[in-house]
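In structure tokens below, several structures.
One chain, chain A, links the two complexes that follow: it is found with chain B in the first and with chain C in the second.
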Partner chain A sequence: MDQIFAILNATVSEAIAPATAGVAIAVIGLNLHFGFTGLLNIGQAGFMLLGAYGMAISVVQGVPMFFAVLIGLGLAILFATILGAPTLKLRGDYLAIVTISAAEIIRYVGRLAQFEKCEWSWCKKGTDFTGGSQGITSSTFTTPFKSISFFGDGAWTLSPFNYTSLGGSTAVRVLGLLVFLALVVGTVFFVRARRAAAARSWTDRLVVAVLVVLSVATLLFVFPQTMSRTQTDGWWVRAVAWTLVAVSTIVVLLLVRSPWGRLLRGIREDEEAMRSLGKNVFAVKMQALIIGGLFGALGGMVYVLASSVQADSLGRQITFFAYTALLIGGAASIFGPVLGTVIFYSARILIREAARTYVPNSILSDNQAQAFSFVVVGVILMLIVIFRPQGILGNKRELRFHV
Partner chain B sequence: MSESATITSGGGLADPAARRSLMADVDRTPGSAKPDAILSVDTITRQFGGVTAVNVEHLEVQRGIITALIGPNGAGKTTFFNLITGFDKPTSAGKGARWSFNGKELGRTSASSVAKSGMVRTFQLTKSLNRMTVMDNMMLGAQGQSGERLTASMFRPLWRGQEGQVSEKALGLLERFKLLEKKDDYAGSLSGGQRKLLEMARALMTDPTMIMLDEPMAGVNPALTQSLLGHVQSLRDDGMTVLFVEHDMHVVRHISDWVVVMAEGRVVAEGPADTVMSDPAVVDAYLGAHHDTDLGDDALLEDDSLEREAAAEEHQREEEGQ
Partner chain C sequence: MIPLARSATSWRPTTYAGLLAALLAMVGLVLASLVSILSVTTTRADAVATLCLPQPNVSGCISGTVGNRTTPVEGADVSLLDKDGTEIDKITTEADGKFSFEVKEAGAYYLRVDPESLPDDLEIIPPAAKFQGPDGSIKVNAKLGKLTSPALEVRNKDYQSGGKGFGSEIVQSIAQGLRLGLLLALASIGLSLIYGTTGLSNFAHAEQVTLGGMMGYLFCNVLGLNLWLGVVIVTLVCAGSGFLQDMVIWKPLRRRGLGLTQMMIVTIGLSLAAQYCFQMFVGASQQKVVVENLDVFTLGPITLTKLSLVAMAISLVAVGLVGYVLIYTRVGQATRAVSDNPALAAASGIDVDRIVRGVWTVAAGLAGLGGILYALVVSNGIRWDTGMQILLLLFAAVTLGGLGTAFGAFVGAIIIGLVVELAGPLGAPGDLKYAVALAILILLLLVRPQGLLGRAVRVG
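This part shows the complex of A and B:
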């Protein structure tokens, strides 16, 4: 039983990790590209890396945190403009080719030994620039971020009211876990039932929100997480990261429910028809590419805050993870990217830890268990695309008419 | 829709007699000048490799009437549509190609600007936005929506009022096109004919001064054709200019006030529907120059008769070339 709890605890810990939040924000941006506008951007990791470099290098060079973030976002705008200008007038495939190559170029440039240390007159000589293949360690650039924390020092446990408050017996934990499962099942059935109904009311939404909050609370009741309040990889980073996820979701919600969002979906369906209606397709696609890229850069910054800016950790595979998460959650849905990312990252840890615990080392070593978890996630992705192509939250009705 | 001899609101030419007298003095030759041309085209050619798809020297389209553009398959009608609506660039661009719409030069304009200037087209293969609702399809047609600007889009109060007006207009048009009960359905779930209606209604959302319909009746059942024809005529009666491509001669005869015939990329004839059909150039274009020659006639096998045919053909070409 303790083994199972340890595995699940690691899974919950991964689900709320800053890296998960960072990828979730990038997936929200990717959803704006791919889900709503139909832009095939296979270089979201490039946007993330650029944002992370922009912020980290600026901070190392002594730029205040706020402006450092703006520099990171500015780089993303520039990157999107450069990539979009020549390709957005052409067929979609060209954007795909250009984005994946540009993301790789950024990664390779970041790894260059020539850029490892700052050797020019305009920056502080001898400090880290990109840090080469070693990257920029978090201690060199996260101090200003930690200094704006108002969380205080020491460690803290979420949730403060947990199974240990009720005696800490296994029975309480199992009961809590059952309550969690019941809540999840309840949410699923409620959403399904209401989806069949014609109009969705505010009370329905409120009920779903309450159910989701209760599930998360129960989960943290069974698996309380203890971390430092402000130190690297502590609660401060998590609070900021998930707040940004919430803000990004709301921004995208407002954008896609507006007439501008209607333009995006129109462009996804048929550019020529949109031209014949007098819409400036190129400008709208460029706006979408830039905004999605900004979310990518923001996600990159969040991703590196708890670890380090290392070019290879934001390579191609992050882009493919992002697409997997998006397809699991459901493209062109509002909450799909967040749900998909959380499920993707926690499921991977669940599989890896389970394999490490229950499969003997002689059959599957720790490293192999890591690789095995990717294999399983890949298989899950295939099954989802075949049997539930709209993802978890996607709209099946919308998919039926995809021609 | 009956062609009653009354002039409806909107300053349209609803009276057939008025339209006839308006076009009575117009020359029935290709490229003739119209009393009040809304669209005027000069030297437009479009080549695909060695094939000249369109080669129009001069064409004017009269304001306020229905002009039909007919011609056999491959005559270049759709390419011509693409060229003047900005969806394609003429090969003769910069070499004398110019066309103006409503007094505005359109030579260097993008397709979206052409639509904004009031010339809206539909497509031969209907372009409904399948994964969007019928209502969303309609709402996209409206011009000058402040909510479509990125900066304003996030603040609902800035565009809520306009959105209400636009949706009211869309509902009105959907009612007129008998699509109202489908408004919340996905456009992809509509039948082919309903999609044609939706596309036409969506084009009308832009408040066009001229609407260009590329084969509006293709694949539409006869009952729906009747109502589509009625809609097209009512557009004219409201003062809109209509240019449409059609293969069905009954349709052309029934609703068009003027017919332009294209063949092999060129305008070969112009005139009212009843006279243009008997124009020898039109008959040739549709049936071939030798359509009344009996291929089983033994006399053809004699050399001099073939030569006579060839000489006659040559002579005719020269005449057309002038």
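This part shows the complex of A and C:
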């Protein structure tokens, strides 16, 4: 039993990690590209890396945090414009090839030993620039971020009211787990039942929101997480990260419900029709690419806050993971990206830890268990696209894009 | 519907025959005189005198080669110093350049090669700053139960001043570029054919290349088959994998009417799964296809392994064969017809599914052949992500030549190969040579989106 709890605890811990939140924001941007506009951007990791470098290098060079973030976002705008200008008038494949190539170029340049240290007159000599293949460690650029924390010092447990408050017996935890499962099943059934009914009212949404909050609370009741309040990988980073996820979701919600959002869908469904209605398709696609890229850059900044800015950790894999997460959650849905990312990251840890614990080392060593979890990811991606292209939350009718 | 660019080829056999002939002549010039003198003999390296086997919690090993596998340095005095700089052990390398030390404690050690013992014109390439020890030594972190292999590569002393001469360095790079280009061509022609006939950008194609190398490792290294027999078997096995793939995955998906974008994401999933399958079964380290040292061939400024020349010749023959089949045979004609317009091809009695099946088979076979040759002569071994590293070069080659045009892919591959190898001597540091190839691709798309050999049509 303890083993199971340890595995699940690692899973929950991964689900709320800042890296998960960072990828979730990038996936929200990708959803704007791929889900709503039908732009096949396979270089989202490039946007993330640019955002991360832009912010981290600026902070190291002494730029205030706020402007450092703006610099990161500005780089993403520049990147999107450069990529979009030649390719958005062409068929989708070209954007795909150019974005993935450009993302790789950024990664190669970031890894160069020549840029490891700052050796020019316009920056502080001897400080880290890109840090080469080692990257920029978080301690060198997160001080200003930590200094604006109002969380105080010491450690803190979420949730403060947890199974240990009720005696800490295994029975309490199992019971809590069952309640969690019941809540999840309840949510699923409720949403399904109401989806059959044509219109969804505000009360329905409220019920779903309450159910979701209750499930998360139950989960944290069973698996309380203790972390430092402000230090590198603590609650401050998590609070900021998930707040940004929420804000991004709301921004995308407002965007796609606007007339501009309808334009995006129109372009996805039939570009020619939009053009014949007198819309400037190129401009709208460019705007979508830029806005989605901004989310990518923001996600990249969040992603590196708790670890380090390392070119190889934001390579092609991350883009592929982002697509898997997006398709699990459901492309062209509002909450799909966040749900998909959380499920993707926690499921991978669940598979890995379970394989490490229960499969003897002679069959699967720790490294093989890690590789195995990625194999499962790849297979899941294939199966979802083939058998449930709308993912968990998506609408099948929204998925007839042909890039 | 807009005609897609994959039909953007005007297949004029004479043009392509001429083009092919010109290219064959160009590459042939370098090769023809050489292949005749060749007899690829591989000499098995003598067993290492003091073989070190690390045992968990008891001992660790520090071993490696002075120079590199193709040009080991004989008679170099390698000393092992502890962290205070006291000499613990000393070895003089033999013809294979190998050294090997056993240590009983984990921790930092220093390796020093006596500069006097090296040939006059050679020096050890200094390591990165954090591995530099006192007096030109190299810092090594030994672990118990582990084998540590520090790099003790040598270079010409006048390397910095371009001792080999800028001109000859360029010539050497051109030779290497042609080699890389020809091997890339093997894989990218298949990629291009698949794109041409099905419209699918196959991201898992690079894993077919890795599969070729992995199969080569299995047959030639693990099972110890003869290399050439191994190459043939690998090609057949890989072709079989393409056949099976089309039967199990792609044909059913085409039947389901799955969109091209979705199919492309399926290939991304397949690529991820395949990569980590390799990692699961073979591990994350580099594996050699052949363990023997390879003979080197020198002609003026050009130094290549003899095996490279054979690989280039094989690649040329294979590409020529594909070209011949495409231009002069009925199957080739049918393939081109499917490429131009699948519906029309079907209407005129061509079995599109059979052609596509054939294309998958040939493409996977060529990629596998490219993979084993690449592992043999370019990357000196195969790793789970070897294919992924060249995936973008393949896409660049295909796009550069014109999406979906087989000969375009060949031209594109040669250009990309040359660009990648020439970027180094012309001033691009390190891995940036790959980035240069990709940058050229992006620039080309700005001015000529249909690629070099594609016909200008509206794409989008």
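In this text, the second predicted complex is superposed on the first by the 396 of 403 C-alpha atoms of A that agree within 3 Å, B and C clash if a C-alpha of one lies under 4 Å from a C-alpha of the other, contacts with A are read in each partner's own complex, and residues count from 1 in each chain.
By definition in this document, a residue touches a chain if its C-beta (ideal position, glycine included) is under 8 Å from a C-beta of that chain, and two chains touch if they have at least 3 such contacts.
Just so we're clear, the structure is a prediction, and the values are computed from it rather than from any experiment.
Asks: Regarding the shared-chain residue A:L381, is it in contact with chain B (first), chain C (second), both, or neither?
Replies: second
Asks: Would you sort A:V98 into first (chain B), second (chain C), both or neither based on which partner it touches?
Replies: second
Asks: Let me test your reading of the model: by the given contact rule, A:Q114 touches which partner, first (chain B), second (chain C), both or neither?
Replies: second
Asks: Tell me the contact category for A:A182 with respect to chain B and chain C: first, second, both or neither.
Replies: neither
Asks: Once the structures are superposed on A, label A:A193 by its partner contacts, choosing first (chain B), second (chain C), both or neither.
Replies: neither
Asks: Answer with first, second, both or neither: which of chain B and chain C does A:N280 touch in the superposed model?
Replies: first
Asks: Of chain B and chain C, which one touches more residues of chain A?
Replies: Result: the larger residue contact count on chain A belongs to C.
Asks: Name the contact category of A:R397: first (chain B only), second (chain C only), both, or neither.
Replies: Touch partner of A:R397: chain B, not chain C.
Asks: After the superposition on A, what does A:K89 contact: first (chain B), second (chain C), both or neither?
Replies: After superposing on A, A:K89 lies in contact with chain C but is clear of chain B.
Asks: Looking at chain A, which of its residues have contacts with both chain B and chain C?
Replies: The overlap between the chain B and chain C interfaces on chain A comprises residues 400-403.
Asks: Residues of chain A touching chain B in their complex?
Replies: Result: residues 251, 254-255, 258-263, 265-266, 268-270, 272-281, 287, 291, 397-403 of chain A touch chain B.
Asks: Could you please specify the touching residues of chain C with respect to chain A in the complex?
Replies: 4-5, 128, 201, 253, 256, 258-262, 264-266, 268-277, 279-280, 283-284, 388, 392, 395-396, 399, 403, 429-432, 434-435, 438-439, 441-442, 445-446, 449, 459-460
Asks: Where on chain A is chain C touching in the complex?
Replies: 40, 86-87, 89-94, 96-98, 100-102, 104-105, 108-109, 111-114, 316-317, 320, 323-324, 327, 364, 367-368, 371-372, 374-375, 377-382, 385-386, 389, 400-403
Asks: Would you tell me which residues of chain B are touching chain A in their complex?
Replies: 85-87, 110-116, 120-123, 127-132, 136, 139-141, 143, 145, 147-150, 153-154, 156, 159, 163, 186-189, 202-203, 205-206
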